[in-house]
């Protein structure tokens, strides 16, 4: 499926334009910095460098922008691990185990694992892209409301009750999250829960709410602690341990590949993919692991699952952009705008006529993934100094930066207000033993599930049996029920074994 | 953490400032306005038509007004947030919008309880006119608009129709159903919050038929079958697609439709009244930029419109759309 | 360890919190039903709201019949006061952003935050807040396209 002539000319094109390569490292660094700042999104970083690319040739411009994209994709996981702040909505699942690892003094390993999982995820997703760009785009385009609703429900079921001190508290928190997700105007045009506030029409601003729930609430609880890492001896920053974290990725190939596969297919669905792919990958890994109960307390597999899925979403959304000219999200929309500024129109015709350029873009992303290993390691090394900062400095500083990031989302006070309300809510929830992560999952998936269920309902004209016309959705739901039944049986067997072990004593 | 990124960013900022100054020099003959940079406000997210138009026009407006011009996005609430923010700014002419003014401003008033009025805004020039296109995926059996009509007449539930709620497309579909005597409330209408998702749903075959602005379909033209264009004149991009006036004549009804998006430069009526001299300068700069041959070629290459209609024609078109929207307000609200 | 040592005590604070949230959910579902009873409005919202309200009953019952272990460690009043102080300071900071300008609000909040966190060294209290404020204001001016009001910088 690879056009060898075009492939050859792509290699020649990349070898011939050395100046294009100069932009990889700056691009990755800009992406890392922006991705690491809470609230500043990938698309904002790309929009900011977009004017600079006007003065470049087409290929260097695109390589620069995709480098920013790749860098930002990983950048979000750094604050997720170190201070429980998901830099982007696709790094939410990274916080679940990354932050507990950091608190236990395993920040080096967690970041190393996140970095390697990201790089390998990007690499594999672009390899798939190189061979399957057209069919991949076709598959992604066919994922409609029924399939998406089924995927969303699956994610909710897998993650609905993570953490928390009891099942009823977990479900209460998840339900609350879903309700938060339904605030504002829904896809059919009904407005509810907006309290007359104009900016709530689009729903609760997700990123500030998430940062408030996960991070700010956590920071309040840390006011009486001295450092993120309690034991002084564990606060070291070690290249060897970062690389050891990377090695853990290679020891968990199944987790990595599953995450990548979920990322490529689910993450590529226009608009909503990448924020659900990492959750789904995390949930599936947790469900299938023998040590499921250690998830959420610092299991490196959780980090690998989340990071391989969110980084491979990049390759997937590039597929729909290159092959169909459909932007999957803000980042690819800006890439398309950059294409347009150089008088190139993405889409099927571009794929046919400029296959060599497409290959050159894909190949340069291989290189970016490789360079990211080095640049990312250095960056992680520097960013890890955060664990050495006393919390009395870190807490006000991080709260200020998060507030500025929340402001930067929309340029209005709406972000900071949302951040504060959800920070207080998150603090109270965790104080009384409710799983805050379940609220975040509900908030993220609630809107998705409502939108897609509503469209499915509209497609069916209110007739539920129409779901029978959608074998893929049925397949997903069937798989879900089957896998849940299996894990339930396993849990029961485990409990029986425990009881049997306890009773003779 | 910021330290690593700043050298690069600062260099870029200097570069931008440098080009701004260099361009400012020729127009530096003493005048009070403008003496600082201008901002183009786009009430949509980055990457859409308005954003691309604003970013492509910015260097040319900069050239003709003699001050740096930057683009700012403030999306949300179906442009309510951007519109409200814009009207809150001082009437000093340092901010101008690039907007799909028609139908977004009137629709936001009718369906989102926005507090401004349609004539609070003043159109400088609306070069881009988008039309509602009825289309289906190439893989669907539907070959023509007549088949759609026949199928919906036989059983309104036979086809699913994708469109945006509270849009010109919905009004056009409602009028179309009315004219053909199709019971719209029985049709399986699937709603999408944005033209992009609606087009993806059409191209991916999630819905049988979709009604969305035709311009956005251009990049994926090969994947769809255009069925009907809601217009009275053939469109150059879709020369073979039947148009509503012909379709209506054949079916024996009076053609009624509303134009899709009317996009371009917009300011506030208050500014025009309060600062006529500044308005004249701004208008002149935008007119010169729009007619700049270099601008025409550059924007043409990006499939962006540069027609100059001027404020009079643009306001007339905009207010006509607003009046039509108001007339069909019940269609927008009732479901 | 006998059962008698753990005595029954109503967890008032938790009960109040759960009830307040449930009241918010009830208000939301009532408002949503007021907008429209069309399934296209209530498809997901209403069942979820009923579920949450049902769980409220379970949780509230749990709060009333809770058995507390008197031996369990309790946080000291001073610790709790510091946390609440930080929550309040952050709230005032958010309110003050547009009132006194981002620069002044950040400066004051960082200073108060340091004091709540237990920093007592005068040099640190004098130097860190202004340097940090400068860095944040100038850094974000470079990064984001939106203007934010400031008083001094």
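By written order: A, B and C. Residues from 1 in each chain.
In the analysis below, a contact is a pair of C-beta atoms (placed from the backbone, for glycine too) under 8 Å apart; a residue touches a chain by one contact, two chains touch by 3 or more.
These numbers were taken from a predicted model, which means no experiment stands behind them.
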A student comparing A-C to B-C should find more C-beta pairs in contact for A-C
Centroid check, CA-based, most central chain -> A
For the pair chain A and chain B, the C-alpha centroid-to-centroid distance in angstrom is 32
Taking each chain's mean CA coordinate, chain A and chain C are separated, in whole Å, by 25
Per the C-alpha means, the centres of chain B and chain C lie apart by a whole-Å value of 41
Touching at least 2 other chains, the residues of chain B are 2, 9, 72-73, 335
By the touch definition above, chain A meets two or more other chains at residues 34, 37, 47-48, 188, 191, 411-412, 454, 458
By the touch definition above, chain C meets two or more other chains at residues 38, 40, 143, 145-146
The chain A residues in contact with chain C across the complex are 34, 37, 40, 44, 47-48, 166, 168-169, 171-172, 175-176, 178-179, 182-183, 186, 188, 190-193, 216, 219-221, 223-224, 390-393, 395-397, 399-401, 403-404, 407-408, 411-413, 416-417, 419-420, 423-424, 427-428, 432, 446, 449-450, 453-454, 457-458, 462
Touching chain B in the complex, chain C uses residues 38, 40, 135, 139, 142-143, 145-146
Counting only contacts in the complex, chain A reaches chain B at residues 26, 29-30, 32-34, 36-37, 43, 47-52, 55, 141-145, 185, 187-189, 191, 198-199, 201-202, 270-271, 324-327, 330, 333-334, 336-337, 340-341, 343, 345-349, 379, 382-383, 410-412, 451, 454-455, 458-461
The chain B residues in contact with chain A across the complex are 1-2, 4-5, 8-9, 12, 15-16, 45-48, 51-52, 55-56, 72-78, 80-81, 84-85, 111-112, 114, 157, 160, 165-166, 188-193, 196-197, 199-201, 203-207, 218-220, 222-223, 301-303, 335
The residues of chain C that touch chain A in their complex are 13-14, 17-18, 21, 25, 28, 31-32, 35-36, 38-41, 43-45, 48-49, 51-52, 55-56, 58-59, 62, 75, 79, 82-83, 86-87, 90-91, 93-94, 97-98, 102, 106, 109-110, 112-114, 116-119, 128, 132, 136, 140, 143-148
